[in-house]
Structures are given as structure tokens and as C-alpha cells.
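Submitted below is the structure of interest, expressed as C-alpha cells.
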């Protein structure tokens, strides 16, 4: 990554962390609150934001589709289905079993999409996306059916789907953070393969890549990253789709700069959004995902408008 | 040692045989044109040669080794391939695209070395697009794009160069320019094979030819032999005095 | 024959009496067909002794046990209109939650829909009781029920009520001043820490809860362990005093119906309000 960009992103990250640690009704004077409450929450926001930003960048590269988000292969519906199952079975949101179930659901749904596309004999990008849409739709319908027939009112579930970082346990946060960091490291160590994949599998093969292997590998990394993020933060939208687009304007399309920037950018944005959500509307708390969509979408449109003016 | 030796290659997409018992050789310095009507198996042949498509039977030897048993990374150092069309959803620069040709030699994670930079610069120079190096690939004309991907293949520094319709969407200047470039490369010791739609172009430097007539039938020989009007007319299904055939 | 009145002298008042009796009878024997689209209304109707008038209830109406035998008409936001119509009700009680178009459609089918306003306090609940009672022609039973419920509440509220944090759903979902839940806490002798908020139901930031340092915590869902596992939860006044209350019946406490008041009495006792222990 160019030095300017690196400085820019580091500064943004630092600013977001500062904001997240300082924001809250208790002000800045209470060291206890900052250390025991805001710090873990900031770390959670950084991990989830990084995980989603990373996954978005990887999916957009591997599927050659700028409209890909981390949930494109059914990951979010898998996670929600698992969450519903947990709520109905009485498993607490904060228990490790919940984390494992949601992780398995998210990962499983993606795997199911891949397997369905493979079964149909068509592993093209379009076929994969379609399989993902089918799996998503099916699982979502299943969730709706279960909710309406069980009659259980569950704001917890609603909140999970909206996505938020209310009470994240340090144990599962550590596991998630390690998974996401590992996925990021592995992805960054193969940046050139991702760039080659962007030219299509025929071209990639002839440049010396095994397209099938790389695709499965990047899917697995993106999927692990997404599942880890969703298991602690719920299905937060927007971050995964928009972060790569926003940082691409600074780093260019090459994965060498884009992948780490997407992770850092996602972390910074979500930390800032979470901080805003829990401090600007006191005593109420607006979930981070909602803040991101409200603030992020106009910001992205402004970026788009500014760059098109620059070109003309 | 021939850069490429094909023996008894067979392939079909299902209906009837497309490639039947194909055998030919390509030596360093050869510039072979692959001709034939649409659907006769020209593009398929190139993909069979690199192992992108697996043949039903037969052998393809690159530099003495079975192509099917070489991993893609090593294969890319032996043979380079230019597709007829490549989609570019993201705005990579020309330089970045050409540098990707160094993937097989640079590995996945390290930056580009001085050697990589030099190879890319040379490739840009040979294709004459050095001035376009910092432009986004999506802002180029079709001809310029084609040159970028040829440069990318050149940056691989392979000894065999395979091109699928490199001149199809180009104007006459580019057509003759590219044929001249390929001819020069063959002169320097590369083995070059190009699928062409216009037999006349083969006059601009090819010394060998492969003509497909459909259904697996083919003729392999010198360029002069292949370009005989009667033979071409039969293969393409046009009259022997058609103005499109080279005289 | 001055002291012996003829039997015929008694005759004139008899037809009058008969007429009065016959005219009054339909008022008493009139069998109403009632559909209730909210669980709280169902419970109120049973509390008024009019349970046998019910011919249909929402899916969520699960109290008293007799509701199990009643026809279900769907959820309270979007009731199954055809089902409601097929039960041929005289009156349908719909709440503020109900879709406006459902009420309109039912009215257009010739069914009387009584839309009751949302209850934001105990007074609101009593108003609902009276409205339903009036509709069913049971005004006396209505007053009786209101008196009974009022008696359940502690009369003398403490001068310094305990600060209470009420969590209705895990994840910080609490009630502001515009919710009857907040009023319930007040009537039980406590004070909802968010009573000044001009909202009904919202999600409170955990940091805010910590700052307000409640002396008692009511959890309507979730366990004490999960609550205490939250960062810095153990330092709360409520945690140190051991006042994490999970024993309230969630359904009873979260419905603006008669059972709420039993829970209020229970809560009063748990908060240590002397009057509640009687």
C-alpha cells in the first residue's frame, strides 16, 4: 500500500477508536467504564467491521461482481436460521453454544450454495450467486414460517437481524478476532492470485493460477470471516458491500492495497458507527447497522458524485 | 527439441468429433497459423494445448513433458496464452495488468522485483504501448486492449506463445503491426501459434499452418501448402476465386 | 264485604308486571358473540365473567386455560378476516396494534369493531376494562373488577422508592414513561429509571443503565447469570443487594390485563414495600 494511503487509513482507524472509547453518557472521566465497557465494545466493533470489510472485498474479487456483499451466498440467512433455532431452544445470545451454532449456520449455508451449484454441474459465478439467492430465500422463508407459527415474540431475534454489538463476551470475541485476523493474513498473502482471478478463470489459469483451488480457498476465507463476524454482531448490513467500494477509490483495484484497506476501513467505520449509535441518542441506543446505513449510503453517494465530477 | 509436440489428440463436445487424431509439431522459431471455419475447433485446440480443457485421448508435450502433468505455475513459465476476449470488471491500470503476467515467476505474496519491472517494461515497449502504461484498461480502445494482453503474455517470458484471434477486432494498422511483432518474436526463437480468421494475414510471417475443415479433418504443413486457394476454398466453403482468399 | 277485597282487584298490576318482565328478559338472556384480538382483552373478558360470550380469540391468547378450546383467529396485527367473519361475531375488540385496514374491512362486512386505545398506564387499563364492560352490558362487573384490581396495589407507596431497571427483552429493551410497564413499577412501589423518557418501548444503552445505578433489576426474559455476566454488572447496587428479580410471570406482567396487578403486588413484596405484604 502506498505510504499516503497507509497513513490515511491508520489515522482514520485511530480516530474511530478514540471516538469509540470516548463516546458515551459517562464522559471521559470514568476509567472503569472506558476499560471494562467501552474497550471490549470497541474491539468487537473493530473485529466485526474488519471481518465484514474483508469478506466483501474477497467476494467482490472472486465473483468479479462489484455488487457482492458478504452475505451473497446465503451466509446471513444461515446465520439467522441458526439464531432462530437457538432462541426457540432457549439458548442465550451470550452463550458459546449460540456462537458456535450461528457460525455453523452461516458457514453451512454458504457451503450449501456451493454444493448446490456444483450439483447442478455449473460452477460459474452466475450459477453460484443464483444458488446463493435460492438458499437465502428458502432459509428466510423457513425463518418466517417458524416465527409466525411459534407465536414467540422475540425482540432479541429482531435485534440480531438488525445487527448490533450490545453484549459481546470476551471469550467468543477472541475466537472471532483470531479467525478474522487469520483469514485476513492468508488473503493478503495471496493478493496476486485474487488479482489474477479478477480477469476471469481462463486468463487466471494461463497466468499460472489454479482457478478452482483459489476460488474455493478465497470463498472459505471470506465465509469464515463473515461467519465469525455475524456470530458476535448479528447480520450487520452495508459494511461488507460499501467498504471495498469506498477504499477502492483510494487504493485502486489491486488486492494488494484493497484487502488490508477494506479490513481497516470496515473496522474504522463500524467502530465509529457503533460509537455514534450508543452516544448520540442517549439513553436509547441505535444499532450500529442502522447508523452505518443512514450515514454510509449518503457518504458513498457523495464520493461517487465527487469522483464523476473529477473525471469530467 | 520441439517446443510443442502433439500426437493423436482427440476431443469432442458431444455431438461429433471436433479434434480427431491430431498430430503436429512446433519448433522454436516457428510461426504457425491455425485456420478454419467457425466451430471447427481452432480455439478449442489452443485450450487443449495448455490443459485448460482436458483431451479425451492423445498427448501434448511441452518441451518434452506431458502438458497435463505440469502444474499451472510451471506451465505459465513454459507457455503463454492470449484469449480472444478478457473481461475487466475493475479498473486496473495497463501496467498492473501487464505485471500480472509475472505471477508465475513472482509468486502470490511478494511485491514486484526489478526483474519483473524490466520484463513488463520490455513487453510494453515491444507492443508499442508504453505511453498507455498508467491508463485504466477500461478506457482503452479494443485494439489497445488486445495489445495489453499480448504484452501480459510476453511478460511471462515463456518459450511458447499461443494466441486466439489476436487481430479480430482490430483495424488494418493493428493487424499488420501485430503480425509483424509475432513474426519478430518467432525470429528471436519463440514458438508462436495464432488462430486467425483471415487467411491473408498468414502471409505476413507464418511459416507453418494448420487448417481445420470441420468434423476433425485437418491439414498440417508449411504456410504455402495450407494457403493454396483450392484447399482454403474447400475448407471454408467458398468459391476458389473469392476475392477474400489470398492469391 | 268491606275487608275482603276481590281477587280481581289485584289483576290490573299483573299485566304491567308481566310486560316489564318480558321486556327486560332479552337484556339478560341476550347471548353475545364476541371476538377478542388481544390477549389482554381476552383476560379482561374472562375477568368480567363473560368468558362464555367469546367465540374467537387471537393466536396469542393463552390465558385462562379455557382459551385452549376457543377458535383462533390469527395474530393481533393481521387477523384472519375470513375466520373472524365465519364466527359471526356481534362485537370484535381490536387494539391499537391492529392494522387499520383490518378494522375497516371488518366494519364493511357488517361487524361491529371496537377499537380500544393503547393503555399507557394503570388508569388506561381500567378505562379499557370499563369500555369492554360497557360493550358487553356488564357495567357492574366492570366496576367490581376495577375495585378488585385496585385493592391489589399497595396503598401506601414508599417516600423514597427504589430505582428499578426493567428489562423486558434481553439486549437492553426497556420501557419509558409512556408504557404501562413503567406505571406498573411505580404502583408496585418502585421507580423506573427511565420513567422520564417520553417513549414507550426502546433499547437503552448499557452504559446509561450503569450510570443510573438501579437498586433493583427486573428481568422479564433472560437469566440472572447472563445479566451478571455483562461488563461491570456486578458493581450495580441491585447486584450487590441481591435484588435481581426474575420471578415475575412474563406474560402476566407484559399484558395490560388483570394479571398485571397480581404481579404488581408480587413485585411490591419483592421490593420490600410493607403495604404489599398484606
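By letter and in written order, the chains are A, B and C; residue numbering begins at 1 in each of them.
Assume a contact is a pair of C-beta atoms (placed from the backbone, for glycine too) under 8 Å apart; a residue touches a chain by one contact, two chains touch by 3 or more.
Quantities reported herein were computed from a predicted structural model and do not represent experimental measurements.
Taking the mean of each chain's C-alpha atoms, the chain closest to the overall C-alpha centroid is A.
In terms of the distance between Cα centroids, chain C is separated most widely from B.
As a whole-number value, the distance joining the C-alpha centres of chain A and chain C reads 43 Å.
Computed from the mean C-alpha positions, the centre of chain A lies at a distance of 42 Å from the centre of chain B.
Inter-chain centre distance (chain B to chain C, centres taken as mean C-alpha positions): 81 Å. In chain A, no residue reaches two or more other chains under the touch definition.
The residues of chain A lying in touch with chain C in their complex are 24-26, 32-33, 36-38, 40, 92-95, 148, 151, 154-156, 159, 164, 166-167, 169, 278-279, 282-285, 287. Against chain A, the residues of chain C that register as touching in their complex are 59-60, 75, 168-173, 194, 197, 199, 202-208, 210-211, 221-223, 226, 229-232. For chain B in complex with chain A, the residues that touch the partner chain are 47, 50, 52, 71-77, 79-81, 83, 86-93, 96-97, 100-101, 103-104, 106-109, 111, 149, 152-153, 156. Of all residues in chain A, those touching chain B in their complex are 64-66, 188-193, 195-196, 198-200, 202-203, 205-210, 248, 252-254, 256.
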